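Next up: some structures, all given as structure tokens.
There are two complexes below, and they share chain A, which is joined by chain B in the first and by chain C in the second.
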Partner chain A sequence: MSLSLVCQEVSLSRRRADASERAILKDVNLTLTAGQGAMISGKTGAGKSTLLHLLAGLLRPSQGQIIANGQPVSRWNTVHRDLWRRQVGIVFQKPHLINGFTVLENVILPVIPRGASITQLRKLAWEALDTLGISHLAKQNVLSLSGGEQQRVSIARAIVSRPNILIADEPTAHQDDEGAALIIEKFVGWKLPQTILIVAAHDPRWALHGAFADKHFLLENGRLEEMQ
Partner chain B sequence: MIWHPLLIAVVVGDLLSLVLWLGAAATAFQIVIKWVPQSAAREQIQLERKAETARLAAKFSLAVFFLSTALLIIGITNVLPEIVPGAMCGTGVLQATDGLEGRALMVRFFVFFIMALWLTYEKLNLSRPDAPLTKYNSRVLLLALPFFFLAVITTFRGILRIDSHQPVDCCAMVYDQFGSLTAARQIAGIPNTLWVWTFWTLTALILLCAVWSLRTKRTNREKATGSLAVITVIWVPIAAITLVRVYAAYFYQVLHHHCPWCLFLPEHKFVGVPLFGALIIITLEGPISYLAAKTAANYPDLLPRARRRSRLAGLRLLLAVVAYTGMVALPAIYWRLIYGVWIG
Partner chain C sequence: MALITILGTALLLSEALSTTAGLLLKESPSVVVRRVSPLGWSALPAEESIRLARSVPGVLHAGIRIWGTANSPGGPVTVFGLGGSHRIGGLTKNVPLPKRGEAVLGAGITTGENPDFLKLTGHNTRIFNVIDTLTAKTSMVAHDMVLVHPDDAGQLLGIDEGYASDLIVDVFHETEAEAILPDLARVFPWPVRMTTRTEAAGIYISASARRSGIVYITIIPGILAFALIVVGVVKGQIGQSCNVGLFKALGWTTTNIFQMQLLKALVIGIPAVTAGMVVSYGLVFRPGSSWPGVLFFGWKDNPPPLFLNASGAFLVLIEMAVLIFLPYLAAALWPALRAAVSDPQDLIDS
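Now for the complex of A and B:
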């Protein structure tokens, strides 16, 4: 079955301290197939990151399901869901790098469970760093990097396993114009017939690259609407 | 009641595992009445989350229950005989509990059997992402609950009866049960020799069935494992009877000392642990071999995993039977070669 990612009537709510429930996402429907890129925009606090975490299998919906390649992955038991998540690369809003590790070590981490030799893993990591133009930082401790550099390292970490689904949350937030242009250009380049790309951003610089998004969604009051 | 740390550990372990199993059972009950795998409604999604938590709780409960059972056995065989006056082994300790602890052990092993069954099904269940056996396995989890209560209550009542000032007869009781030498040489009116022949005939049968179940094609698999399960259920009590009544003599080097608990003493090199351990493995793996084969037939999605588990159970059973018969027969053969006669 070819690659697809579908949100089917997905809702998510959180329980408040007074036991009442706050709906974060309501009946979200979304369908993406291989080769498509999607842009999700919305105000701060609209639930963009939450939706991305649901799509990446990091959160479970309160209702509805997320179907990948025809399988309801959001309802799978933890062991199988974790295995499926290896197909997904995610760039978080904050870099979430491991302090004390070098850039190369941080980038290698997601591919270690694959069981390849350390030489192969290092080769993959160097390629990912080269792609982002940060191979010169490989031996540095991540604490010594600027915010923009850290963000690029986190993008390298997301693409090192060459995932079929790449999800990015504000990947250009800490970049100057030059850095943002490079990242956007890379994302456009990663839009291959066998991949699905999803980016949440309200950075207007993405709008300049119409080539990226096949679908544009607006998230407002927990509801997702596809914009024409 | 004596407040020995080991007994307190058993009671605390039992209570902890019971509470955990109860928590899992509450979810299992909801699953039995509300589980709708086709639905993506809020209730079903919540139930799926709860099911994962219940699985963890039940696994932890099983581990704690196993630990507390092991502690109880160590207490009965090697710790409490030092405390109960007149007790030299577990027989004396069980007398001190008015036999309650013996009953508790039987119920505990039955609970442990159901729990092991649940764990086997759970492993098969989790081999598929959609966990197709969840509802079925919840029933197995619920089935254990009344016996779990009974085991914990009986164990606790038995522990309460232990009195460090009241002497017991211990092994004198073992000898007192026979009115004559003839009575000591038969069980239920059947001579020991016939029991021994039955034991070895059934041993040959169980080994044949185990090999058949390992080598058979898919079509005959249920038949082979079913026969293995039935023979296991008959073989285990006969093996235990012949061990206590006939073969224990070669470990004790004393005639007609029909005590299972002395086998756990250090002077007999704790030989009761591997012997009864092998019997427990055989008791578990025989039925599991059949049930896994049945699951493979009923759930095609689980076929490879269930068949592998069925074969593994057959293999474990085969090895345990070989190890058990070796441990039982070798001392007897050694004695026969040295002294030229069988004991008794």
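Now for the complex of A and C:
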């Protein structure tokens, strides 16, 4: 079956400190197929990050289901979801790098469990770093990097395994114009017939590159609407 | 590693005590008969004692021993007459029988300036030609022992010819020893005091048990320190939940995370356990290591080394595994496994 990612009536609630339920996402529907890029916009706190985490298999919905390639992945057990997650590359809003590791060690992390030789793993990591223009930082501890550099390392880590689905949460938030242009250009280049790209951003610089998004969504009050 | 050393030393010492008890039990005769007098004990007539003992049904073998204490240049020593029917157990079967004027020395005997001669002072003073030394493996029984010809032993200890220090009796089965005591006591025309192997071992084992108890008390601080380490490891693992969630988000499976945690625990744990065990083994069993004997056995002069057999070593390893390695591994792995079955984002946000 060809690549597809579907949100079907997905809702997510969280329990507050006073034990009441807070609805973060309500009846979200979304369908993406191979070769498509999606841009999700919305105000801060609208639930964009949460939706991306659901799509990446990092959370399970309270209601509804996530269907990937026709399979209800959100209902799978831990073992199967762990394996499915290998098809997804994710760029978090915060870089979430392992402190004390070098840039190269952080980037290599997703490919370690895949059984390749250390030479192959290092080659993949160097390629990812080259792509983002940060191979000169490879040996540095991530703590010594600027916010923008850490964000690029995070993107390199997301693409190192060449995932079918790439999900990015505000990937240009800490970049200057030059850096943002480079990253947006890369995302446009990664939009291939066999991949799905999803970016959540309210950075207006993405609008300058209309070639990226086939679908635009607006998330407001927990509800997702496709914009024409 | 320091903790492993403390616990390993305590466990090895405890094992050495029980091994020693077993060794002494194995080498001791079934019954020892001594003639008592108002002043203490006195020598008994050798031939007559043997004959009387053999007349008791159930006695398999009877023999005499000539032994006592004398002074050497290194301090008091136990002098034993070895030869003919004079037995002191199987530990001396590989040494030559000393002729008159000759001596075989236990491993802890110091001779003074000239290692070929030993001067002993008892009822009189004699100088012996040293012909051999007992192996270190016999030290637990014969460490401070000097083996001489029975006639020399008698002269040195003031025991008349034809007399012995005590009589040793072997029975066919251990349980018969207690049963024949009344018959043995009856056949001798003088008052005697008899000690069975079980009684002798009981005295020794109760002393060993008391000392083992002391050993275990000494490891209580070690156990408490270990408990703190385990709590620290668990807290550390819980603190790393965020990283575990991140690994899962990056495509690691629960198995991958378990393997990583296991590897980390083993990389730290195995060298620590190995080094700690080697150091504790050296502290207890290294040739020349005398502090355990001084501390736990009360041997003050030339204390003998301790020995460990293969089954004893295996037992200590099992005890170490149960006491330290398994709790440490559980502390290292359990929080990781618990975290690994949670949703990755919940862990990252924790």
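Assume the second predicted complex is superposed on the first by the 228 of 228 C-alpha atoms of A that agree within 3 Å, B and C clash if a C-alpha of one lies under 4 Å from a C-alpha of the other, contacts with A are read in each partner's own complex, and residues count from 1 in each chain.
Assume a contact is a pair of C-beta atoms (placed from the backbone, for glycine too) under 8 Å apart; a residue touches a chain by one contact, two chains touch by 3 or more.
Computed from a predicted structure; not experimentally measured.
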Partner chain in contact with A:9 - chain B first, chain C second, else both or neither: first
Chain B versus chain C as contact partner of A:60, first or second or both or neither: both
Touched partner set for A:78, first chain B, second chain C, both or neither: both
First (chain B), second (chain C), both or neither touched by A:188: neither
Touching partner for A:173 - first (chain B), second (chain C), both, neither: neither
Partner, of chain C and chain B, that touches more residues belonging to chain A: C
Touching partner for A:96 - first (chain B), second (chain C), both, neither: second
First, second, both or neither for A:86, with chain B first and chain C second: second
On chain A, positions contacted by chain B and by chain C: 60, 78-79
Chain A - residues contacting chain B, complex: 8-9, 11, 60-65, 71-73, 75-81
Complex interface listing, chain A residues touching chain C: 53, 56-60, 78-79, 82-83, 85-86, 88, 90, 92, 96, 98, 109-110, 112-114, 157, 161
Chain A contact footprint on chain B (complex, rising order): 40-42, 45-46, 48-49, 52, 126, 128-131
Chain C residues touching chain A - in the complex, by the definition given at the top: 242-243, 245-254, 256, 340-341, 343-346, 348
